[in-house]
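What follows is subunit A paired twice: with subunit B in the first complex and subunit C in the second.
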Partner chain A sequence: MRKKNKLLVNQNEKTLGQLLVLPLFLLVFGLMGYPFINTIYISLTNKRVGYDSSFIGFKNYIRLFQDPTYWMVLKNTFVYMILAVGVKLVIGMILALTLNEDFKGRAIVRMLLLIPWALPGMVAAMTWKWMYNDTFGIINSILKNIGLIEVSIPWLSSKHLTLYSVIIVNIWRGIPFFIFSLLGGLQTIDGQLYEAAKIDGANMIRRFWSITVPSILPVISITTMLSSIWTFNDFENIWLITGGGPLNSSSVVATYTYQIAFQYNEMAQAVSVAVSIMPILIVMILFASKRIGKED
Partner chain B sequence: MKKKALWIVCLMLILVTTMVFAQGQAESDKPGKFVMWDKSEYVSAYNDLVKERFYAFAEAQGIEAEYIVIPPNDLKSKLLAAIEAKNTPDLVVTDDFLAKQFAGMGQLVDVSDIKNDLPFYDAAINMSYVKNGDYVVPLSFLAPGLYLRKDKWDAAGLDLPVTWEDYKKDAYLVNDPKNDFYALGFPMGASGGGDAEGMMRAIILSYGGALVDENDNIVVNSPETLEALKYISSIYLEGLAPPSAITWDDMGNNNAYLAGTIGVAMNSGSIYSALKNEKPELLEKTMIRPWPAGPAGSFTPSGGNVFVVFKNGKNSDAAKLFIRDYFKKDFYENLVIEMGGMWQPVVKGMDQNAFWKDPTNAAWLASSKTTVPNTYPAVPDENSTRAFSEQVSVKAVQKIVVNGMDPQQALDELEADLKRIYNK
Partner chain C sequence: MHSTTIKRRKQYKNILIYAIVVISLFFTLFPIYWMIKSSLTPDDLMYTPRPSLFPERITFKHYQSLFTETSFMRYFFNSVYVASITTLLSMVISILGSYSMTRLRFRGRIFIMRSIILSYLLPVAVLFIPMYILMSKIGLSDNKNSLLIVYLTFTVPYSCYMLISYFRAIPKSLEEAALIDGCTHLQTLIRIILPIASPGIAVVATFAFTLSWNEYLYALVLTTSPSQQTVTIGISTFQFSDQYIWGLIMSSSVISSIPAVTLYLLAQRYLISGLASGGVKQ
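And now, the complex of A and B:
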């Protein structure tokens, strides 16, 4: 009898728990689940803003996968992400190691290094656009003054350069996140480990690879993964500097989606671009969540 | 315990649902704010003056109002988003080609009452004409001019150029890229603005070509249009324009001309207005010329600013009343003058001020009455204005310049783009 009562109480608690979670579930479904399902549905229609739509199956995806521009944009997105995150990691690590040492004016240097991250994106993008200008930009002017070039470099109009020009801006803006995340990790390493390694004859490089990197590996992987997701979805930086041009040579998935949706008013086609990269983002998010979960 | 908790959860859900619906009901019962979206203008005084007038009007009417300034390049995307969200503003000021696209989409309120009552010039009626009805109220002309650095042409011992070919021939002598000076500041960026596409259309017409005729036939694939494409792409391929011109937005040529880095710019009076106020020394070296001619003559396609009232707005009547208030002589006449020649009036009787007797301003005024619509010879409708706002001919030139595409192939792709838009 007592056992039966206990089972009943457990069952009651379980039901109560489920009921209390229900509003949250409904809220999450309303805010995320429904829009997600609706997005997938729209990608299967011929939706254009201001017009009725009808179901057309996978036609948008077929058209998309046959479009060479889509593949170019996807390639740009990966080049943008891999190059930007890779360089941010390397430079961020070097600067974090430097800032981890004691030197005069360290506090001021730390503060200055935060500026690129603290600046509003719009201000940063406009400033860089101005600096890249081929007739009155400061970058070309300096290169000419020191005799490296005779004619200005078309940073924002050559299809071979534009993507790299916006990658440089992304790196400049994103380095502080790496510096301060990695610095946080470096400060948790016990100094005695380095002392012991020194006594054992380990040189600086050996100490870095055998002590520093393994100790902050979780921080490196989370920082890299979060930055990869943000960089993959970057819009503001590219849109404000090049608009994805010329001829999509600096377009990434986010700018390309916007262009199709709002310049061509092909909403369903644009949504299909966004949906097509979801599997990649889901894998990245799962990996990051798993890592963060492990850390907790 | 279980029952009690169930009741609490159910009550909470009912309460929240009731509150949400009650709020929604209350919102839909209200007349709603009178919302106006206006373009951010090159002359900042414009937005201040209209804002003041708008709020004074709303106060007199006893309605709550909001005046929002939006950069022209963002207006289309924001309006599309607003239409989708069924939350359009009541009144919008925009470029005529964009307004005509929304008219074609059936999003606008008929404004024939305003157009019949106010004494608009015939050219203004033509500028705001759209095939499917009276949905667009003309607001101002934006007559274009060609700014030329007379000092540079004089220094090279050149006569004033007249034809497109003259400009190219002279450019070889004026061009000085090593010192960051380029002869021709022809914009060719696909930024969503109208400058580059307008110029491209002018060149194609001057060479005897056209994109679409007055009966909606796609006639772009002709030897004349091919010649026009070859001409304009050669300007960039031969380095006679700044490399960045291929990505300029509508401010690109303004900035470059004011920075003294280009010899020629085609624009409305915005450059003139800035030169007069900020760089009078550069204005002295500048000459304003008519648009160049080609083998088939000279064409100056142009548009203007217009008002449109959105049918899903909640204050259509107030919007129409405000349009009438806007055109009252005490406000409109001064507003146009405040733009410093960049705008020209669309309503008769507003050009009697001494300002318009000045030779330069008189030239802008005269020019405003002789331009052809941006989509000429195609009839302004949803398709022709969509083709204009998608900048199809600019993209054809970009393909030749940036991707090294053969001009005939670029022309074939331009034809395919038009067929896609016209569903042919």
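And now, the complex of A and C:
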């Protein structure tokens, strides 16, 4: 009797459990899974907006891989990701270490350093676009006033510079995430480790590499991985500041995809760009999710 | 002798700390200062090759024309509408789901948990075209309500991801006692877990709101007419042929930053522990 009762309770628990995750299930598999799989199918058709489509096999991919613009965009995306994430990691680490020290005004500094992360990306992009402005921009004006340059720097019109100009904006907005994530890790390190190392005569740099880095390595790698995924797929920053130009010099995968889909109306071709970067993304996502899953 | 070197070393360290703080604050805050300053600068002082660093004359003209001559209010209310309803929906879905995944035992639990982490990482840049096609198919093209559905795809995985770690931190013994006393599972959720987790839930809701408020790419492809657009899209339309109207853009940027930044600053106390416990824990 008692046993039967318990079985019944377990059955209830099961049903309730499944019922409660049902919306999640529908969301993840219906709303994300289906379009995601559909993407792969569309990339094998000749779909354009407002027309019927038919299956054309790998033609979109062949066309894509023969297009030098595609390879340039891919290269830009990697430069954008590696440079931006690298700088964010180094500066974020320096600032996290600084904020982990005791000093007057630490709480307020911590709060102020967070602001760029909270701003809408669109606001960050438009503000920097205004500051970079060739004729009226404050950046050129300051540089001229302190005598660093005589002629305005064409931040957004030189094809050698634009990619770096947008990288700076991505760094500006992304540093807080690194600071706070790394700071969270630093605060879990046992202070006694440092005391022991000090007695052993290890200097600051030595202590950093032999205690700090190994202790927060999981935090460092998950933070870097998350930021890499986001930076690799960044859209609005580049789209609003340069539109990918001039001559695609600052075009990245997301802006290129958008352009093909909504300016040339070639949905299928655009989708093939997105699918072509999937292997890279899947590797990054699996690596990151393995790290996140570790706490289970 | 020894104590003076220690003292001096400490002094150097302090100088280094303050130098880093000053430089980083300047780099962080200057663009924000410049946005606010530009929003208050009259046009004749704004469009000069050598703009002055400090405000010479202040005008509220840009703000005035923002509210009287543009559709800014419409964009703003659309954003409030989309972000609030999205937050509400995603909190209900994620609280129920996270409770189920941390407290109830059933088959497929781990599988769902893993899929949520994966979907949290799946970028918008990959999903936006199929999502656009899907929304046109179900008749929601150029409709702000499509954003209510689509935004759940990133707010829910994020919220679950955070809530799961909050719920896990609550000891099970409390509920077990209640269950023995005859409470149902849902009653324990409402009477025991929700009150304990409420600060955490508030923080997660804050970030869900901010994520929706700040979103750009989906809003760009899924809405085209001003009556449906949100602030992030609306602001970038303040152009006269191909000339940007910077006074309007900067003043609307200031206003549309206020909700997200305020919420963030209120919640930032919890951010450090939140980020650390939400997955980046060893």
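Simple rule for what comes next: the second predicted complex is superposed on the first by the 265 of 296 C-alpha atoms of A that agree within 3 Å, B and C clash if a C-alpha of one lies under 4 Å from a C-alpha of the other, contacts with A are read in each partner's own complex, and residues count from 1 in each chain.
Here is the rule we go by: a contact is a pair of C-beta atoms (placed from the backbone, for glycine too) under 8 Å apart; a residue touches a chain by one contact, two chains touch by 3 or more.
All of these numbers come straight from a predicted model, not from anything done at the bench.
Chemist: Once both complexes are superposed via subunit A, do subunit B and subunit C end up clashing or fitting?
Modeler: Taken together on subunit A, subunit C would clash with subunit B, as the superposition shows.
Chemist: In the overlaid three-chain picture, which partner chain does A:G245 touch, first (subunit B) or second (subunit C), both, or neither?
Modeler: A:G245: touches subunit B, not subunit C.
Chemist: What is the contact status of A:L112 with respect to subunit B (first) and subunit C (second): first, second, both, or neither?
Modeler: second
Chemist: So in the superposed three-chain picture, is A:L64 touching just subunit B, just subunit C, both, or none of them (first/second/both/neither)?
Modeler: In the superposed model, A:L64 contacts neither subunit B nor subunit C.
Chemist: Have a look at where A:T135 lands relative to subunit B and subunit C in the superposition and call it first, second, both or neither.
Modeler: In the superposition, A:T135 touches subunit B and subunit C alike.
Chemist: Looking at subunit A, which partner touches more of its residues: subunit C or subunit B?
Modeler: C
Chemist: If we overlay the two complexes on their shared chain A, which of subunit B and subunit C does A:M93 touch? Say first, second, both or neither.
Modeler: In the superposed model, A:M93 contacts neither subunit B nor subunit C.
Chemist: Does the superposition put A:Y51 against subunit B (first), subunit C (second), both, or neither?
Modeler: First partner only.
Chemist: Which partner does A:F262 contact after superposing on A: first (subunit B), second (subunit C), both, neither?
Modeler: both
Chemist: After lining up the shared chain so the two structures overlap, which partner does A:V85 touch, if you call subunit B first and subunit C second: first, second, both or neither?
Modeler: A:V85 sits against neither subunit B nor subunit C.
Chemist: I'd like to know which partner A:L156 touches here: subunit B for first, subunit C for second, both or neither.
Modeler: After superposing on A, A:L156 lies in contact with subunit B but is clear of subunit C.
Chemist: Would you please give the residues of subunit A that touch subunit B in one complex and also touch subunit C in the other complex?
Modeler: Common to the two interfaces on subunit A: residues 15-16, 19-20, 23, 135-136, 258, 261-262, 267.
Chemist: So in the complex, which bits of subunit B are touching subunit A?
Modeler: Its residues touching subunit A are 1-2, 5-6, 9, 12-13, 16, 76-77, 80-81, 83-84, 102, 105-107, 177-178, 180-182, 189-192, 242-247, 249, 256, 259, 261-262, 386, 389-390, 395, 398-399, 402-403.
Chemist: Quick check: in the complex, which residue numbers of subunit C touch subunit A?
Modeler: 13-14, 17-18, 20-21, 24-25, 27-29, 31-32, 34-35, 38, 46-51, 53, 93-94, 96-97, 99-101, 104-110, 112-119, 121-134, 149-150, 152-153, 156-157, 160-161, 165, 185-186, 210, 213-214, 216-217, 220-221, 231-232, 235-236, 244, 246, 249-250, 253, 256-257, 260-261, 263-265, 268, 271-273, 275-276, 279-282
Chemist: Using the touch rule from the top, collect the residues of subunit A that touch subunit C in their complex.
Modeler: 10, 13-21, 23-25, 27-29, 31-32, 34-36, 38-39, 42, 91, 94-95, 98, 101, 103, 105, 109-124, 126-131, 135-136, 138, 141-142, 144-145, 172, 175, 180-181, 183-185, 187-188, 218-219, 222-223, 226, 229-230, 232-236, 240, 253-254, 257-258, 261-262, 267, 270-271, 274, 277-278, 281, 284-285, 288-289, 292-296
Chemist: Can you list the residues on subunit A that touch subunit B in the complex?
Modeler: Counting only subunit A, the residues touching subunit B are 12, 15-16, 19-20, 22-23, 49-51, 133-136, 140, 150-152, 154, 156-159, 242-243, 245-247, 249, 258, 261-265, 267.
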